[in-house]
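Order of writing sets the labels: A, B, C and D. Residues in every chain begin at 1.
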Amino acid sequence: MTDISAVKEALRRQHIETPSWAYGNSGTRFKVFPQPGVPRTPQEKIDDAAQVHRFTGVAPSVALHIPWDKVDDYAALAEYAEERGVRIGAINSNVFQDEDYKLGSVTNPDPAVRKKALNHLLECVDIMDATGSRDLKLWFSDGTNYPGQDDIRDRQDRLFEALQAVYERLGDDQRMLLEYKLFEPAFYTTDVPDWGTSYAHCLKLGPKAQVVVDTGHHAPGTNIEFIVAFLLREGKLGGFDFNSRFYADDDLMVGAADPFQLFRIMYEVVRGGGHEPEANIAFMLDQCHNIEPKIQGQIRSVMNVQEATAKALLVDAEALREAQRSGDVLGANAVFMDAFNTDVRPLLAELREEMGLHPDPIAAYKASGYYERIVAERVGGTQAGWGA
Amino acid sequence: MTDISAVKEALRRQHIETPSWAYGNSGTRFKVFPQPGVPRTPQEKIDDAAQVHRFTGVAPSVALHIPWDKVDDYAALAEYAEERGVRIGAINSNVFQDEDYKLGSVTNPDPAVRKKALNHLLECVDIMDATGSRDLKLWFSDGTNYPGQDDIRDRQDRLFEALQAVYERLGDDQRMLLEYKLFEPAFYTTDVPDWGTSYAHCLKLGPKAQVVVDTGHHAPGTNIEFIVAFLLREGKLGGFDFNSRFYADDDLMVGAADPFQLFRIMYEVVRGGGHEPEANIAFMLDQCHNIEPKIQGQIRSVMNVQEATAKALLVDAEALREAQRSGDVLGANAVFMDAFNTDVRPLLAELREEMGLHPDPIAAYKASGYYERIVAERVGGTQAGWGA
Amino acid sequence: MTDISAVKEALRRQHIETPSWAYGNSGTRFKVFPQPGVPRTPQEKIDDAAQVHRFTGVAPSVALHIPWDKVDDYAALAEYAEERGVRIGAINSNVFQDEDYKLGSVTNPDPAVRKKALNHLLECVDIMDATGSRDLKLWFSDGTNYPGQDDIRDRQDRLFEALQAVYERLGDDQRMLLEYKLFEPAFYTTDVPDWGTSYAHCLKLGPKAQVVVDTGHHAPGTNIEFIVAFLLREGKLGGFDFNSRFYADDDLMVGAADPFQLFRIMYEVVRGGGHEPEANIAFMLDQCHNIEPKIQGQIRSVMNVQEATAKALLVDAEALREAQRSGDVLGANAVFMDAFNTDVRPLLAELREEMGLHPDPIAAYKASGYYERIVAERVGGTQAGWGA
Amino acid sequence: MTDISAVKEALRRQHIETPSWAYGNSGTRFKVFPQPGVPRTPQEKIDDAAQVHRFTGVAPSVALHIPWDKVDDYAALAEYAEERGVRIGAINSNVFQDEDYKLGSVTNPDPAVRKKALNHLLECVDIMDATGSRDLKLWFSDGTNYPGQDDIRDRQDRLFEALQAVYERLGDDQRMLLEYKLFEPAFYTTDVPDWGTSYAHCLKLGPKAQVVVDTGHHAPGTNIEFIVAFLLREGKLGGFDFNSRFYADDDLMVGAADPFQLFRIMYEVVRGGGHEPEANIAFMLDQCHNIEPKIQGQIRSVMNVQEATAKALLVDAEALREAQRSGDVLGANAVFMDAFNTDVRPLLAELREEMGLHPDPIAAYKASGYYERIVAERVGGTQAGWGA
C-alpha cells in the first residue's frame, strides 16, 4: 500500500524550473508568430516565471540564456528574481547564433572561433558566480551537414579541450550539464549526438560534469527511461530538459505527446531515488509555445510533470517487485498500469489547497487578470525571442 | 546492351528546375547565416539561376515563390528571365507566413482566414497566366500541434473546398501539384501528410491535379521509389521537389545523403517513362544551402540528379528483366548494382562537351568570376530570404 | 455534458473480435517459447475464444486463419462455435508459408505460383460461404529484399489482377479487407506498404473492398488517427487489426505501448461514427502473446480497447467544438485530455455488472480454473502455432 | 595523391570473417525457406566458408555459434578448418533459445537461470581455449516486452555480474566483444540497447572488453560512422557485425541497402587506423540470406566490404584535410564524393589477379561446380539453421 502523505510530501519537494526563453516568442524556420504581452526584458521574463510559481507552488527557479538574458548587473537580476519570489536557475550558454559559428563553435576548424566560444562559456561561469546559479547547461549545435565536411574525430578532440577548460573553471558547488541531441541544426553529424557521447566526456571530466536528458533529442524508438535508469545507476544524471514530441525535436509541452512515456520516465526517476532533493536532479522545462499562450503553457507543463510524478509515486512497489521476481509478466504490468490509470488530479488539487494554493492553477491564473495586464502594458519595445 | 547515344539523348532532354529561393538566405529555427552576394530582388535570383543553366545546360527554368518574388509586372519578369536564357517555372504559393495563418490557412477554423488564403492561391494562378507558367505548386503547412486542437476531418473538408476552387480556376494548360509532408511546422497532425492524402484529393479533383513528391517529406524507412513507381502507374505523378536528408526535412543537396536512393528513384522514373518530356514530370530542386555557397550548391545538385539519371539509364533492362523473371535474386540485384557502380562522370563530361559546355561545371563556374562579381556588386539592400 | 447511459450503451454494442491464432504459440525469428495448455485444434482455439467472450461480454466472434484452422467441415466448425456462444469472424488467408511463396504469392514472377495463391484466396471465400463469415482479410507478405530483385510496377499489375478475381467472387454480403504493412517479412519493397496503396486498389475494386488498419504496420512517426479519420471520411475504413508496438511490428497487447495513441484513434472512430454497428467497422485483435499467458492477454486487450473507447465517448464534444472553433489551442487540448485522464475503470465495472458479468474479467477468469484445466487436459498432440 | 600500391597492400591485409550460421537456413518469424545444399554439420559449414575464402582470398576465418556448432572435439574442428585453409574465428554464445530464457538469460529474475546462462558463457571460453579463438562475441537478447515487467536497473546489476565473471575467465590473449541492439526479440526494453551501454560496461570491465558494432542494430537515423569514429578514438572498438537494412534488423547483405553509408563507415575505420592489422578490429559478417543463395551471398558481401574499403582508402586525405581546415564545405564534400564515385572494381580485379585469384569471384564460384555438388551430395540429414 502506498502512503499518500509521503506521496504528497515528495510532490511538495519536487521543484520544476522554467526557462526564461519560454516566455519569449518562438517558432519554426518557417515563421515565428509573435504573441501579445510577450516580455521585452529579462526582468519581464522573470515576472512571468514568478506567475508560474505563484499558481503552482513548485516552480521556484528560472533558467537564463546568455546572451538572450544579458544584463549589466547579474547580481541585481538575481535580487530582482528573489523579490518576485523566484531564484535564478541554470545558466544556458549560447554558442550558435553568431556569424562565426556557422561551421561550429568549440569544434570549429578555426582556432580563433573556438577561442571565442570558450570565452563565452567561461563568461557564463562568471554569471553563475554573480547569480549564485549552480548549473551551467551546455548545448552545442556543433556538427556538420555533409559527409567529409569536417573530421569527426578532430572535432571530438576540440570538444574535449573546451569542456576541460570549462570544467577547471567551475567552483566547488558548481556543475556542468552536458546536453546531447541527435540532430538539428546540424544535419549530418552532431558532435554530441547521444547520451553515450555525453556520458563518456562527463566521465573523463569528473564528478562535476553530468549528463542532461532533453526528452526530445532522441532517435525514433529510443527508450528514454532506460537511459534515465542507466545514468541514475551510474550517478551521472544531472537533470532533464522536459518537452515532448511526435516527430523530431518538436518542443511541445511535456506530457502532451505521450503521457505514458513521461510516466515511465518519472517512474525510473523515483525508482532510482532521483526525486529526492539530495539527488540533485534538475527538473527543467525546455519547450516552445509557438502557437499557445506562454505562461499558461508553462503552468500546464509543470502540472503535467507533477501528474506523472504522482502516478510514479503511486506505483505499488512491493506488489510490483513481487510480480517481477516471480516472472508474472501480466501481473507486473498490471500493477504498473494501475498507477498510470489512476486519476491523480484530485490528489494534486488537495495538495495545492494544503499548500495554500488554488486547486486549479490554470483557472486561477486566468482569473488573475495577469495576462490582460501584460497585454495592455507591454506595448512598444522589442519582444523577446530566440534572437534577442 | 545499352545504347550510349540514346542515354546521352535522354540526358540532354532532362530538364531540372531550380527554385528562386535557393539563391536567397536560409537556415534553421536557430539561426540564418547570411552569405555575401545573395540576391536582393527576384531579378537577381533569376540572374543566379541563369548561371546554373549556363554551366549545366539542363536547368532552363526557375520556380518563383509568391510573395517572396512579388513584382509589379510579372510579364516583364518573364521577359527578363527569357533575356537571361531561362524561363519562369512553377509558381509556389505561400500561405504560411502571415500572422493570420498561425492556426492554418485553407484549413483554418476561421472562414475569413480561409478566404484570404484562397484568394492568395487564385492570385498565384493570375501570375501563372502572366508568366506563362504551367504549374501551381501547393504546399500547405496547415496542421495542428496538440491532440484535440482542431477537428481532423473538418480540416479535410475545408482543404478540399479550397482545392476545388483553385482547380476550377486553372486554364486548360495549367496544372496544380499538391505536395505532401509528414510534419513541420505542424507537430501533431499535418493536413496533407502523405502521398495517399494528396493522391486521394487529386483523384477527386481531376487530371489537372497531380501529386508532387518532395524527397525529404517522408517518415523514416519510407520507400520513396515505390511511391514514384505507383504514382507513375496511376498517371498521378506531377513532379519532384528534390533534396536529401539524414533525419527529417533537412533540405540538403539532392544525392548528398543517399546517392543510392536517388538512383533507385530515378530508375523507377525511367522504368515508368517519366524521363520522357511528354510525361510532363517536373524535376525541381527544393533545398536550403544553409552553410554552403548557393549557386555552387545548385550546380552540384543538378549534376547529382544527372548522374543518378545516367546510371538509371545505364541499367541493362533486358538482363534485368530476364533475371527478375527467372527469380534470380542475386543476378537481378547484380545487374542493378552494375549500373550504380559505374562511374558516369566521364560520360557526362563528354555530353557536356557535345553540348558546347565545359566538362566540369563547378570548375567553369568558379573560373567565371561570377561569384566575386556578385559579392562585390550586391552591397546594400535587403538580402532575399525565406521571410522576404 | 456527456450522457453516461449513452456511453454505456455504445460500449455494450462495440464488439471486439479475437483471432484464433492468438491462442496458439507465437514468437520471434529467434525462438518460439511454447506455453502449457495451448490449443491443438481449431475447436480448442474456439473454446479459448469463448472464454474471452464469457468474461468480457463483448468478444462474440473469433477470426480464423487458413490453413492454420483447416478443417474438413467448416459448417460444423461454425456450429461448434455457436454452441460455445461465439461465431466465426473474418477469414484470414495465408499465402506466405508455402515453399512456393519464397519470392511472393499473387505478385510472384512465376504465373503458376500466382495461380496457386489466387486459388487459395478463392478457397477462403468458399469457407466464408460455409461459415457465414462476412469478411475476407487479405494480408500479403509479398515484396522484395533487394533493389532490382523484381519489377515494382509489374508486381502492382499482378496484385490488382488477383484482387479483382477475388472481388468478383465475393457474395453480396461479403467484403474484402486489404491490409497494408510497411515491411517484414520483405525488407526492401512491400507490395502493399501503406494505406495509400491499399486505398487506391480498394477504390478501383469497388465498395466491397475496404482498407484495414493494423496499428503496428506503420513507419515511425506516422499519425494513425489521421489515417483513420481520413478513411472514415472516404467510407473506406473496413476495420482494425489492433496491437501495439514500440519499434516495428512488435504485436504487443493493444494499448500496452501507447494508451494515449489508442485513445486518439478511438476518438477519431467515435468522431466519424465508426463505433456505430451500422458503420461495419471490424474491431479485431491481432497480437502475439510471446511471453504472456494467451487468454489473459486477450482479455486484457479487449479491456484496453474498451477503456480507450470509453474515454473517447466521454470527450465533451460540444466544449471541444467550441474551443476548436474559437482557436483556443490549450482549451481544446484540455477538453480532450480531461477525457483521457479520467479513470474509466469504475464505469466499465459498472457496465459489466449491468451485463451480468463480474466487474473484473481478469480476476474472474483466474478464479474460474479454466487455465488449470486446459493445462491439465491439453497434453500430447501438436500445439497450435503460426506454422500449423 | 593516393598511392595505389599502398591501397592494394591494405586491401590484401584486410580480413573479413564469415559466420558459420550464414551457410545454414534462416528466415523471419513468418517462415524459414530451406535451400538445397545447405550444410548439415559444422564441418560442412566450414567447407562452405572455405569456398568463400578460396574465391575472395580475404576471408580466412569462420565464426562459430554455440550450441549450433556444438561438436565433441573442438580441437579436431579447428584442425578440420585448417585443413580446408581457414581457421576458427570468434565464438558466439547463444543464451536465447532455451525454454529457460523466456524472460532473459544473465538478467533473468531467476538466479538459477542466470547461473545456467553464465555457465554457457564460460563454456564458450573453454571452446576458445580449444580452438585457439581470440574473441568471444556476446549478444544478449535479454530485455522485457511490457512496462513494469521487470526492473531495468536490477537487470543492469545482474548483467554486470555475469560480464565480470566472464571477463575474469578470459585468457591473456582473449577478448570479449559486447554487442548492442536496439530491439528484437525484446520489444520494450533491451538490456544492452545501444553503444553507450556496451561502452560503459566494457570500460568498467577493462581492456579485454570491447564494443562490437552490428550495423543493423540502431534506431532510424543513427549516424553509425560517428559511433565508429568515437569508439576508435577511445580504443574501444572491437569489431563489426556487418549487414545492411532498410527498416529494422533486416540482416541483408552488407552494402546492399546503403553503399554510401558503408563507405562512410569504412572511411572512419581507415581514418582511425582501424584497418591496420595491429588495431585488432574484427571485420565480421552477420547476415541472413533468407531468399538468396548463401555462399554467393557471402562472396558478394565480402566484395562489398572490399569495395567500400577501397574507396575509403582512395580518399585524398591531404586535399580533404586542406578543404576541411579552410571551411570549404563543398570542396571537402567533393573530395570525399570523388572517392565514392570512383569505380573500384577494376582495381579489385587487378588485386585479385595479383593474388592468384580469378578477378570475378562470383563467376569463378559459379563455374566451379561447387554449388551443384553440394546440392547433389547433401541429401538427407537435418539442414543447419538457427535452431540447430
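Here, a residue touches a chain if its C-beta (ideal position, glycine included) is under 8 Å from a C-beta of that chain, and two chains touch if they have at least 3 such contacts.
Since the structure is predicted, the reported quantities are computational estimates derived from the model, not experimental observations.
Where the sister copies chain A and chain D meet, the same residue numbers recur on both sides for over half of the interface positions. Taking A-B and B-C together, the chain pair joined by more C-beta contacts is B-C.
A straight line joining the Cα centres of chain B and chain C is 39 Å long.
Centre to centre, using the average C-alpha position, chain A and chain B are separated by 38 Å. In chain D, the residues touching two or more other chains are 103, 145-147, 182-183, 188, 220-221, 223, 246-247, 256, 260, 291-292, 329-330, 333-334. Across the complex, chain A is touched by residues 103, 109-110, 145-153, 156-157, 182-183, 188-190, 193-197, 199-200, 203, 218-223, 225-227, 229-230, 232-234, 260, 264, 268, 271-272, 315, 320-321, 323-327, 329-330, 332-337 of chain D.
Taken together, the chain B residues at the contact with chain A in this complex read 26-31, 33-34, 96-97, 99, 101-103, 141, 145-147, 182-185, 187-188, 220, 245-248, 250, 252-253, 256-257, 290-292, 386.
Interface residues of chain A facing chain C in the complex, by the touch rule stated above, are 220-221, 223, 246-247, 256, 258-261, 291-293, 296-297, 300, 307, 329-330, 333-334, 340-343, 345, 362.
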